[in-house]
Each structure stands twice: as structure tokens, then as C-alpha cells.
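Please find one structure pasted underneath; my questions will follow.
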Amino acid sequence: MTLANRQGTGAVVPVERNDQRFRAGQGTAAGLSIVFRKFRKALFGKPNSDRSDTEGQFNVQYPEERLSLPEAYRNMPILLFDDATGHELCTSCFQCERVCPPQVIHITQAKDPATGKPVPSAAEFIIEYDTCMSCGYCAEVCPFDAIKMDHDYELSTSNHPELDVNYNRLLRPVSYYETIAPTLWNDVRESAMKKLQNNIKRRPGAIGVDHGQKVGAKAAPAAVARPADPAGAGASAVVPAAKRAPVAAIGKTMSEEKLAKLQSIRADNQAKRGGAGAPVDSAHAVEAAVGVQPDTAQVAAPDAATPGSVAPGATGPVAAVGTSMSEEKRAKLEAIRAAKRAQGGE
Amino acid sequence: MNYIVVVIFLILSAITLVSGVMVVTVKNIIHSALWLIASFIGVAALYLLMEAEFLAVVQILVYAGAVSILVLFAIMLTRHVTGEGTRMLYERWWVALVVALVLFGAVITPTIWQQGANWDAAATAAQASITATGEGSPAGTAVASTINIGESFMREYLLPFEIASVLLLMALIGAIAIAFEERTGRRRVLTLAEEYALKQRGIVEPRDAEGAVVPSIEAEQAL
Amino acid sequence: MVETFQQTFGAPLWLAVVLASGLKVTLILVGGSLGMMFLTWYERRAIAYMQDRRGPNRVGPQGSLQPIAEAIKTMTKEDTTPLEADRVVHFLAPVVMLAATVLTFAIIPWGNLFPSDLSVGVLFFVAIGGLHTLGMLMAGWGSNNKFALLGGMRGVAQMVSYEIPQVMAVIPIVLMTGTMSMQRIVESQSGFGGLGWNVFTPVGFFAFALFFVASLAEGERTPFDIPEADSEIVAGYMTEYTGMKFAVFYLANYMTNLAICFITASIFLGGGNGPGVNELGGFLGGFLSLIYFFIKALFLFFIMVLIRATVPRLRVDQLMGFAWKFLLPLVLVNILSSALWVAIIRWDQQAQIFTQWFGAPGTADAPNFVRLGVAVAVTIMINLGALVMVMGLNNRASQARMHTTDEELALGL
């Protein structure tokens, strides 16, 4: 009775080895020939595109070549606005903020400057990209199809505060989303547009259109990843810094829930002050950045570092740049990106 | 040219001697073995200086490359490598000195006795033959070339050569015999599959980590 | 070269010798280091394609400047020594390793160019290669690290075992050519229009295979890389080395591999010999021989890479068994058949019977084909017979182990 004779009983299966009568390195020779064939195919053969073959070059040369992403690919959330009217789809219903597992979404509701009543539009919308876990719950839960998941995955940066992305840099035109996920958008387009039309009726003045024009970073979707626009980076740096600073000062002795409450209260206060202090076209974002209480500003100053301290001065010119950045330019940018993507796909 | 040879010879001898002295004076055994290797290499370099290339290379191959490596290997398997606290000199050190001197004298005296008279003559002859042919190892002088060594092994010194071979063979067989005897008493380590098979057949009782006997599946089912 | 310095520049003899040697040493050192850099790139590219990847292709054209980037990286890294290490031994280990490796380059014939013609060149290569072991052991012991010591110990056991088949695999060639000088071994293979390589004789072919396999172990190439087995003992004897010292180990390692390729190409694949070298002659012929030489060496290195990409690492007992139970008997039989080869082809006076049967021995230009044929047949028979027998014996032993009865196993037999 040998070991090899008894198989299939229990978990351990003895493997039969060395049972050939004569071995003259046939196994090694066969292995060498297989490896050499792979070498030949990879060096001289065509790159393997459909992945059904087991041989050939599998590598995608990343910066030059890219795999085409599936429509439902999700990386980081973005917000949409209508191309035709310029109105944002977001109504600040707080569904996404509520559902967000890592709690990185922070919304401030817009107020009618005349009456002080809430308007179905967001005054400020911040997502902390560094803590976002790309679960996509926000996009799923959004009843207005305002928040969607972007395909841009080249977000690495050496400037950490830049990853707290504010409303201006979150906004993308609907046409952009159509290019990355046409069928998905096609399914929801009608209902989303219908809801948007209803909401537009309830938005007095420039509320709901103005955000994109305030700081201007929205014009370049790529600016999310590139700190090319110093003012954009500065604005994004200062807002969360001002928001976080008081919390950081007090928060050592506080629980998470209390912190969250405090944050929401402070956000409300800021929104109120912003709504009251800015009569018509003033920037809510800038308001949030600059118009904080003196004590928080003091705490914020060391925390926000250089870009933050420069921000108040820098926002002015940026506003001008933002308005001059037209839809055409954005379209051009999109065309270039699409062309690149097409090249990469080949 | 001659002066350069002398200078090189002095340097090499100094290296060899200093390493030799270090071998016996250093307390750390590993360092001692490393100094021994340095000494061996110095000797090999001296051979090279004498144009005995084969001897030099064999010196490195056998002594520096194999013997001392095995010595080092053996030392590393022992304890107290650093040798701290060991005494270098014992009471009867002078006995060892006398024995060493006598042995050294026994080696050096015949050489001087034989060569002493015509030392200079031999040197001038060798020099003359070198300058005559223009390069080293002229055919006439007794430089130990590979062919000469081989021939003397097979003709003049055949008997000592064979005796040494038999001696080495005996050592080899003896080592194998000792190792084999020791090994037969030891239990072979089983592979997992073998162990499992044995447990299944009940030849070896399966035991858990504490060493308690684990009842087999059949026994459990019977209960 | 010495004469050139003396005659052209009027230098005295000692100065000419110093200058010539210095020039040679510089050339060898630069060539060796550049060769090592090229080899790292070559190996990574080749093995990448074997694994359906592309390998380093970003730094410089086709990634050819990658080794330079890595050299800069290693040079700028911090150089640390463990606190409890034997500092001197720890420091000297890479030095010994590199010195042993660089010394082997002294006898490598670069095509038809010979840095130094040592009369015992082949033996010198093996002997100095043995000092490699010393560096390994010093590194392993001096690091005061268990993984390093394990790696050093494994390395020594491996090297000492594989040195024996390596030396013995060259003996047939020494017997056939009657010299140990690399220069004359290379020259002896220039017959048959530059194709009289040793590897084309049965004895030479077996010797080539055995030598190459044993050399793989000497150079710690993959099936035999247990001294630095990454998945078992971190990095073996190199575990505690950082920065440039680590790079020196790598340099020594790859230069050893390069030297092995060069030596194998010289001894068995005719060195710089090839069709057209003798016909061209002069400078062009030398250039052609250099090209032939490099192509052969790179081919050998490609085989090394291929083996690395194919064969997994051996266990320690498999490694030892392979050296002592498989390579050594075959090498010994190969020495016997090479003696027969020499006797059948060359002996005239000593054995009249060969002359009676097969005619007078031929010369290098006009070989006696009857004798050649008989020699080929006899040696092939002996070697193949030995191969079958040794494999059968090894097979039977392992089968016996596989088929021991359970009662025997339980008794621990």
C-alpha cells in the first residue's frame, strides 16, 4: 500500500510525483520552450488588446495609452449644471450629505436675499476628496441627478488642502457628463431636466446660476487635478481652513457628534451672514472664505498657510477671469480631452 | 627591475607575516580565521612572484578558497566566537615556543644547508637566463610549471602521491561512515501527506498541539 | 603594449609596465562596470518580455539610462551599519566580493585581445571565484543578523559544492587542448573556418552543459539563488546592507555573471573565433572577433535569463543532491571520455593499435576523419550511457522514497 494509491480521502490529496520511468529534464525543456515562445510573442507579436489570448503584450503604456473606462466607473463625485441655462441641478436637499459614509460632503443652502427664505439651490458645496471613499452613494441617492461620479482619476497632488474641493471646482456642464456616460444620462435626462425646470421657477434672481461665475475655476474641469490656477487653489484652501479652524481649536475635548453639530451650526451662521451681507451678486464662496468671524480668522491664519492668507486679495481678479471664461473655451477643452482619449483607445 | 621585485617581495612578506602573527594574537576566532586567509593569499602572491603560477592559484583555490572557508564555517557553528575573556598565554608558553622554534629550524636548516653555498650562484644563474630569453619561466631553470609538477607526481613522487590519495580516501569514507551511522538512528521527517496517510491508517496516532491523542473520525462516529 | 610605450614614448621599462598595466586595469574596470549596467537593463527587459511585460522603458531611449538612474539612487541613499555588527568585517565584505570578481576579468580574452595571458587562466578563474564565497560569509557573519548568517551559510555550502563540478567540467577541455591558458584555448578553437569550437565535440558539449549549470550556481542565478532567496530569508547575506554597499554587492553579482558568460563563451564557444575572423585579419578581424565574442556572451546571458524566468528556486537538499548525485558523476565520466577522445585522435606512438585500425592521426588542418568519427561515437556512447544511468539511479532513489510502505515510514526508515 503506497501513499500514491490512496487519494481522494479527506482534505489532503497526496500528489503523485517522480513516477515517470525516465526523466531527462523534459519538464524543464518544455518550460523553457513555453517561456521562449512567450518572449517571442511579446517582443514581435501584436499587443494583446481583447485579453482573450494568453500570449502577447498585455501592458497598457499608461500615460500614452489608456483603457477606455466603463460608463459606470466611479472615482470622485462632481456636480452638474445645465448648459443652456447655466442653472445648477443641485437643490441642496442634503440627501447626499446624510448618506455619505465618511461624511465628507458639506452643503450650505442658498437663501433668498430679499426674504431670507431657503431657496432650492446650494450656496456652497464642499467635498473633501482626500477622505472620500468613492462609494457613489451620493450619486445614487440624489433625487435630482445633480451629483454624479467623475471618471477623472489623475487627482494626485502635492498640495493637500487642494483636495477640499468647493462648489466652483465641483461643477461640470451636463454635456461633459454626457460624454463620459451617455446611456446613463440618457436614462435620467428627462426627469432631471423636468425637475430642474420646476426648481428654476423657485430660484429668485441669479441664485442657482451664479456659482459657476464667481471664482471661475469651474471653467476648467482639469483644474481639479492641476494647481495651475493659484487663485483657485487659494480659494479652495481658505474655505475649509476657515471652516475647520475653530473646530480644531475646540474639538480636542469634543465627541464626533458634537463636532458635526457644531460644524452644521457654524455653517448655518455663515450662510445667514452671507445671505444678509451679500445683496445681489456677491460671492457666497468668497463670503464664506473672508467673512468669517474675526476670532476664527485669527485661528485660521496659521492653519491656512500662504495660499489662504493671499486668498482675499486674489479672489477679485479671479472673478473677472471666471466670467470671461466662456462656454466655447470649455467646449474646446472638452474636445481636446476627447481627442486624447480617442488616441489612447487606439 | 630587480629592486622593484625586492620591494614587492618585502611588502608581500610583511603582509604574510603580519597576518600570521595576527592569526595567533587576535582574540576573536572569526577575525583570526580571516587573518589566516590573508596570510594564505600573501603566500599565494609570493608564489606568483616566483612565477609559480600553478602553485599560487592552487594555494588560493585550496587554502584560501576551500580550507579556510570550511574552517570559518565550522567556527560559525560554535559558540563563544568573540573569545572575550579567554587567555592568550598560559603558564607553559615557553614549551610551545621551543617546539615551534625546533620545527621551524627543522624546516629551514636543510634548505640553508643545501642551498647556502651556491645561493648567489643560483640567483645569478636564474637572472642570467631571464635576461637571455627576455621573459619569465625559461625552459632550463627549475621553475615549477604545471607540466613539471604533473610529471614529478607521476614519476618521482608517485608513491607519496598515491599514499596521500589513499589517506584522503580513508578520511572521506570514515566521515561518511560516521555520518551514516548517526543518521540511521534518526527518524526521518515526514511530509504532510505522509503524516496524514499514516494517521489515516492509525499507525501514528494523531495528536493535537498539546500532545493529547485526538480520536479519529471513525471513532467519533462510533460514539 | 609595453613595447608600444617603450618605443613610441621612450618610457623606461618600469614606467612602461606600470602605464600599460594601469591602462588595462582601467579599461577592464570601466568595461566591467558598463557591462554590469548593461546587463541589469538587458536582463530586466528580457525577463519582462518573457512575462508579457515591457520592462524599464522610460529613462532614456528604451529605458537604457535606467541603470544610471539607479546608480544615482543607490549612491544618494543612506549608508547604515547595524549597531551590533562587526564593523570591519561588515565593511570589508563587499570589498572582498568586488575584488574577487574584478580579478577574474584579468584572464578574460576580449575577442582576440588578452589583458594578461596567465598560464593557468582557467584555474585562476575558478580559484578567484572561490574568494567570492569569502565575501559572502563575511557579509553574513559581520551583519549580526540571522537572515544574513543563514544566507551566508547557504551560499558557502552551495559554492563549495558547485566549485567541484565547475573545475572538473573544464578538465576535459584542458586535456583536449593541452593547456590552461585562456589565450591558447581560444586559439585552439580557430580550426574548421573559425568553427572548431569545443562545444561541437561530444565531450565539449557535455562539459559545456555541466560547466554552465555549475556556473549558474556559482553566480547565484535563479534556480540556485538560495543564498539570497528573497521569499525565504529577506535578501540573504545582503539583508543589512544599504546604499552603495548594497550596490557593490549587486555590481559584484552581475560582474560575476558577466565573467561567467565571457569565460564560457571563450572556453566552449570559441571566444572571438567565427567565420571570417582569420580571413579578414588585422584590425577588422579583431573587431569582428570582438563582436562575435559579445554576441556569444549575450546569448549565454539570455539563456541565463530564460532559465531564471522558467525554473523555480531549488530547495537546499535538492541543490546539494543535484551537485553531488548528478553533476559530479557525469563530470567524472566526461573526464574519462575526454581522455579516450584525446587517445583516439592523437595517440600514435603510444598506441600503435589505433594507427593500425584507423590510420595515422591527422593534423589540425587535415584531420583524420576515421579517427574523429570513432572518437565521436565512443564518447557519445559513454556520456549518454552515463547520463541515462545517473538519471535512472536518481530516479530510482526518489521513487523508492515515494513508495516506501507506511510501516517503513512509521519506523522512520
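Note that the chains take the letters A, B and C in the order they are written out, and that residue 1 is the start of every chain.
Keep in mind that, in the parts below, a contact is a pair of C-beta atoms (placed from the backbone, for glycine too) under 8 Å apart; a residue touches a chain by one contact, two chains touch by 3 or more.
Being a predicted model, the structure only gives us computed values, none of them experimental.
Asks: What pair of chains has the most C-beta pairs in contact?
Replies: Ranked by C-beta contact count, first place goes to B-C.
Asks: Just to be sure I understand: the centre of a chain is the mean of its C-alpha atoms, right? Then which chain's centre is nearest the mean of all of them?
Replies: The most central chain, going by mean C-alpha position, is C.
Asks: From subunit C, which chain is the farthest off, judged by mean CA positions?
Replies: That would be chain A.
Asks: Using mean C-alpha positions as chain centres, tell me how far subunit A is from subunit C in Å, no decimals.
Replies: Those two chain centres are 57 Å apart.
Asks: Which whole number of Å gives the spacing of the CA centres of subunit A and subunit B?
Replies: 70
Asks: Averaged over CA atoms, how far is the centre of subunit B from the centre of subunit C? Could you give it in whole Å?
Replies: So the centroids are 24 Å from each other.
Asks: For subunit C, write out the residues touching at least two other chains, lowest number first.
Replies: 406
Asks: Where does subunit B touch two or more other chains at once, residue-wise?
Replies: 194, 197, 201
Asks: Could you check subunit A for residues that touch two or more other chains and list them?
Replies: Answer for subunit A, listing residues that touch two or more other chains: 1, 3.
Asks: Over in the complex, which subunit C residues touch subunit B? Could you list them?
Replies: Residues in contact with subunit B: 13-14, 86, 89, 118-120, 123-124, 126-128, 130-131, 133-134, 137-138, 141, 149, 153, 156-157, 160, 163, 167, 180, 406-407, 409-410, 412-413.
Asks: Quick one: which bits of subunit B touch subunit C in the complex? Just the residue numbers, please.
Replies: 1, 4, 28, 30-31, 34, 37, 53-54, 57-58, 60-61, 64-66, 68-70, 72-73, 76, 137, 145-146, 186-188, 190, 194, 197-198, 201, 203-204
Asks: Can you check the complex and tell me which residues of subunit C touch subunit A?
Replies: 46, 49-54, 306-307, 309-311, 387-388, 391-392, 395, 398-399, 402-406
Asks: Which residues, counting only subunit A, touch subunit C once they are in their complex?
Replies: Where subunit A meets subunit C, its residues are 1-4, 16-24, 28, 31-32, 34-36, 38-39, 42-43, 48, 55-59, 61.
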